[in-house]
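First chain A sits with chain B, and in the next complex the same chain sits with chain C.
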Partner chain A sequence: MKRDVTTTVLGAASLLGLAVVLGLSLTSPLDVNQGSLVRLMFVHVPEAWLSYLAYGGTGLFGLLYLIQRRRHWDRLAMASGEIGLLFTLATIVGGMLWAKPTWGTYWVWDARLTTTALSLVVYGGYLLIRSLIDDPERRARVSAVVGIVGTLYVPVNYMAVEWWRGVHQTQTLKLLGGVRWDAAPIYLPTLLLSVASFTLLYFFLLRLRGTLAAREEAREERELTGVTGRVEVARG
Partner chain B sequence: MSAPGPDAPTPLTPLPQARRRRRSPLPVVLGVAALVGLTATIAFGNLNKSLEYFVTPSEYQQQEAELQGRPVRIGGLVKAAKYDPQTLNLRFTVTDGSASFPVQYHGAVTDLFKENQGVVVRGEFQGETFHATDLVVKHSEEYNVPKTQAELKDMIKSAD
Partner chain C sequence: MKGALRQALTVAAKDLRVAGRTRDTLLATAFFAGIVLLVLGFALSGGMVSRDARLSAPLAAGAIWTALALAAAVGAQRAFAQEQEAGALEQLLAYPGPHGALYMGKLLGVLPPLLLVAAVTVPTGLVLFGASEAVTASGRALPWAALALTTALGVLGFAAATTFYGSITVNLRAREALLPALAFPILVPAVLATVQATRLLLEGGWNPEVGTWLTFLTAFDLGTIILATLLFPAAVEG
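Presenting the complex of A and B:
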């Protein structure tokens, strides 16, 4: 088994980045209205970003599978979907802990929060569909389509705070219609570094899960051929 | 008539080993249950069956005939707030500039509740006054460090 240097480097880099972000976050100045609670932004926003990235990955790898029909892309799509689901959960839990002391409640059914909860259904369904189909080629084909359609969640969720009235605040870092940062400049570098570190973390987890899936598949193939081999021997 | 009848023994060809994994059905059952539960919660959790979370005071004024006597959410800015931390009684006016309603609420509010802050109140009108059962404080996406000594002192004081 050869050593995977890239994964190790990615893991080390994201860990280092996150450690620096932790230090910067805990020493960042307090917000005039919400005090130290503003530091939750440095976790909450990058978590949401990672989940978008991962769902985008599921769509992209699904598309690549449909074009090239290589099982490699299907494994990465699955890995990306799992990571997306995990970080959506993290976004929701972190967001709830931020909402309680600021909004006064853990949860509201506004457009942003409702669509985020819906993504759990979409990608939970994606993984469920995968588990229900035994034929690997068919599983890859069907789930690629689900994954591509599911990517629609990303723009809808991102724009939910603009399109519908709700409780969730709009983007602090505006990207559409001219890039603008609507907060004290001192918060920006920490947020950007955090987003960069979470991006590295995504690629690390993706490679890790992809390798794991490849090994699982190889073992399964080995067991299957092993079993048929033995049966043939028994039949003689 | 030369074709063999249905009773004719068909030659038995050995089936290839089925490519099937033996798996416990439990994860699938749990997954389906979780998805159904989540979908139901999302579908029925929405009070007004709309993606718009609240109406503004002016919109309420326009649609008063159809909204009257029903629980609604009204969102606007806080004016003339009077809060008694001992009895937890809160009275304020919610406004969007053109229309405003007096609001009555009983309960704790978060530290972000203050004059000119955005709020969403859920409840019903009893006469002219809106009796809120829930109050959610909105906050701006603009995070800022204190710019003056006075702001800094205020912040330290409110943190105590």
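Presenting the complex of A and C:
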């Protein structure tokens, strides 16, 4: 098996970027209102960005699969969905830890929060349906459809919830949206670097998971075609 | 195009004939919606019925649309399950003609029973949660026409999404549990729009805000139907 240089380089670059971000964010000045809590922004915002990037990837790779019918795209769509789910969880947990001392509560039915929580269900369902179909071709086809629809409805959900909240109370929302960007000028370079590092991290994880899935598939096929007898013995 | 339309109507007519003769889907769906209303009534109203529209309107709107969203998932499940159990789904898919027309036919077959259920659920919910009393007590008439329009658009949106996901989950293990799990995150915009429109109508009658919610709902319905028709062939083939 030949060495995958691109993946190694991507991994090294994202690791380096994250190390620099860690150094910068720990030495960055404290915020007037939030104190040390502002540092969570350097992780939280890129995490959220990464999860949306990954969801876009699930939809895009699913569409590419339906057009070209190459299994390669299906593996990438699956990898992207898993990464997205993982980082959405991280986004929500990190955000809640920040929200409790800042807003005084863990959860608000704000459009951004609600949409993020909903996308957790959408892509949880996507991975769930993958685990329920055994035939690889059918799994790829059906999950591509579910992935495309899910991705397309994320912005629709956002619009609907934004509007729903907008009708009721706007005061808290404006405060929430504002505080963060008022503080931005000092922190912007670190944040941008962090977003760039997380983007690299996404492509690294995508390649890694895609390769892993390809090897899993190769192993399954080998078991099915050639050496079934030995495998059964090995399993007892 | 003409052939596709005829195919859709044929499938719908077949499903409606089956639904009319057995009535099991219709009764199960209606019963289910009624149970949800009752449970929510016990859970939310605390034994008291408020005469204030500001209190009763959100409660009634929320309960009615929760019941209908769950009922839509039950109804759409049966649309494909019946044929799948009889082993007829593959033959239906093997008939010549576009698969998109098949989806339209199924949707048209699911819609009338669901509208019938909604026609019972909406008035019952309004009475059970005291919203109709509250509206008439404040000297206004219930905006029936606008409520009917909201109901029709909402049920169309629910049916469009759940029928589409029903075609995906019908061949899977645990399909009864899976369909709501997949479809409800997609239904959120429709639920929000119908609940808000119903609440606003009960609180103060027709106003421009109701109009914007209904426009949004129409866009959601059209978008979902178009998307589902396009993706349905990929979801069911082979």
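We take it that the second predicted complex is superposed on the first by the 194 of 236 C-alpha atoms of A that agree within 3 Å, B and C clash if a C-alpha of one lies under 4 Å from a C-alpha of the other, contacts with A are read in each partner's own complex, and residues count from 1 in each chain.
Here is the rule we go by: a contact is a pair of C-beta atoms (placed from the backbone, for glycine too) under 8 Å apart; a residue touches a chain by one contact, two chains touch by 3 or more.
Note that the structure is a prediction, hence the values are computed from the model and not measured.
*Asks:* Looking at A:Leu40, would you say it contacts chain B, chain C, both, or neither? Reply first, second, both or neither.
*Replies:* Touch status of A:Leu40: no partner.
*Asks:* Which holds for A:Ala213: it touches chain B only (first), chain C only (second), both, or neither?
*Replies:* Neither: A:Ala213 stays clear of chain B and chain C.
*Asks:* Please work out whether A:Leu53 is in contact with chain B alone, chain C alone, both, or neither, and reply first, second, both or neither.
*Replies:* So A:Leu53 meets neither chain B nor chain C here.
*Asks:* Touch check for A:Gly150: first (chain B), second (chain C), both, or neither?
*Replies:* Only chain C is touched by A:Gly150; chain B is not.
*Asks:* Which of the two, chain B or chain C, is in touch with more residues of chain A?
*Replies:* On the superposition, B touches more of the residues of chain A.
*Asks:* Which of the two partners, first being chain B and second being chain C, lies in contact with A:Leu200: first, second, both, or neither?
*Replies:* Neither: A:Leu200 stays clear of chain B and chain C.
*Asks:* Touching A:Leu24, do we find chain B (first), chain C (second), both, or neither?
*Replies:* Neither partner.
*Asks:* Between chain B (first) and chain C (second), which, if any, makes contact with A:Leu66: first, second, both or neither?
*Replies:* In the superposed model, A:Leu66 contacts chain C only, not chain B.
*Asks:* In the superposed view, which residues of chain A touch chain B and also chain C?
*Replies:* Dual-contact residues (chain A): 118, 121, 125, 128, 132, 163-164, 167.
*Asks:* Which of the residues in chain A come into contact with chain B in the complex?
*Replies:* 29-35, 38, 41, 101-105, 108-111, 114, 117-118, 120-121, 124-125, 127-128, 131-132, 134-135, 163-167, 169-172, 182-184, 186-187, 220, 224, 227-228, 231, 235
*Asks:* Considering only the defined contacts, which chain A positions touch chain C in the complex?
*Replies:* Touching chain C: residues 66, 118-119, 121-122, 125, 128-129, 132-133, 137-138, 141-142, 144-146, 148-150, 152-153, 156-157, 159-161, 163-164, 167 of chain A.
*Asks:* In the complex of these two chains, what residues of chain B are touching chain A?
*Replies:* Chain B reaches chain A through residues 14, 16-17, 19-21, 27-28, 31-32, 34-35, 38-39, 41-42, 45-47, 51-54, 75, 108-113, 120, 134-147, 151, 155, 159.
*Asks:* State the interface residues of chain C toward chain A in the complex, per the touch definition above.
*Replies:* Against chain A, chain C makes touches at 164, 168-169, 172-174, 178, 181-182, 184-186, 188-189, 192-193, 196, 209, 216, 220, 223, 227, 231, 234-235, 237-238.
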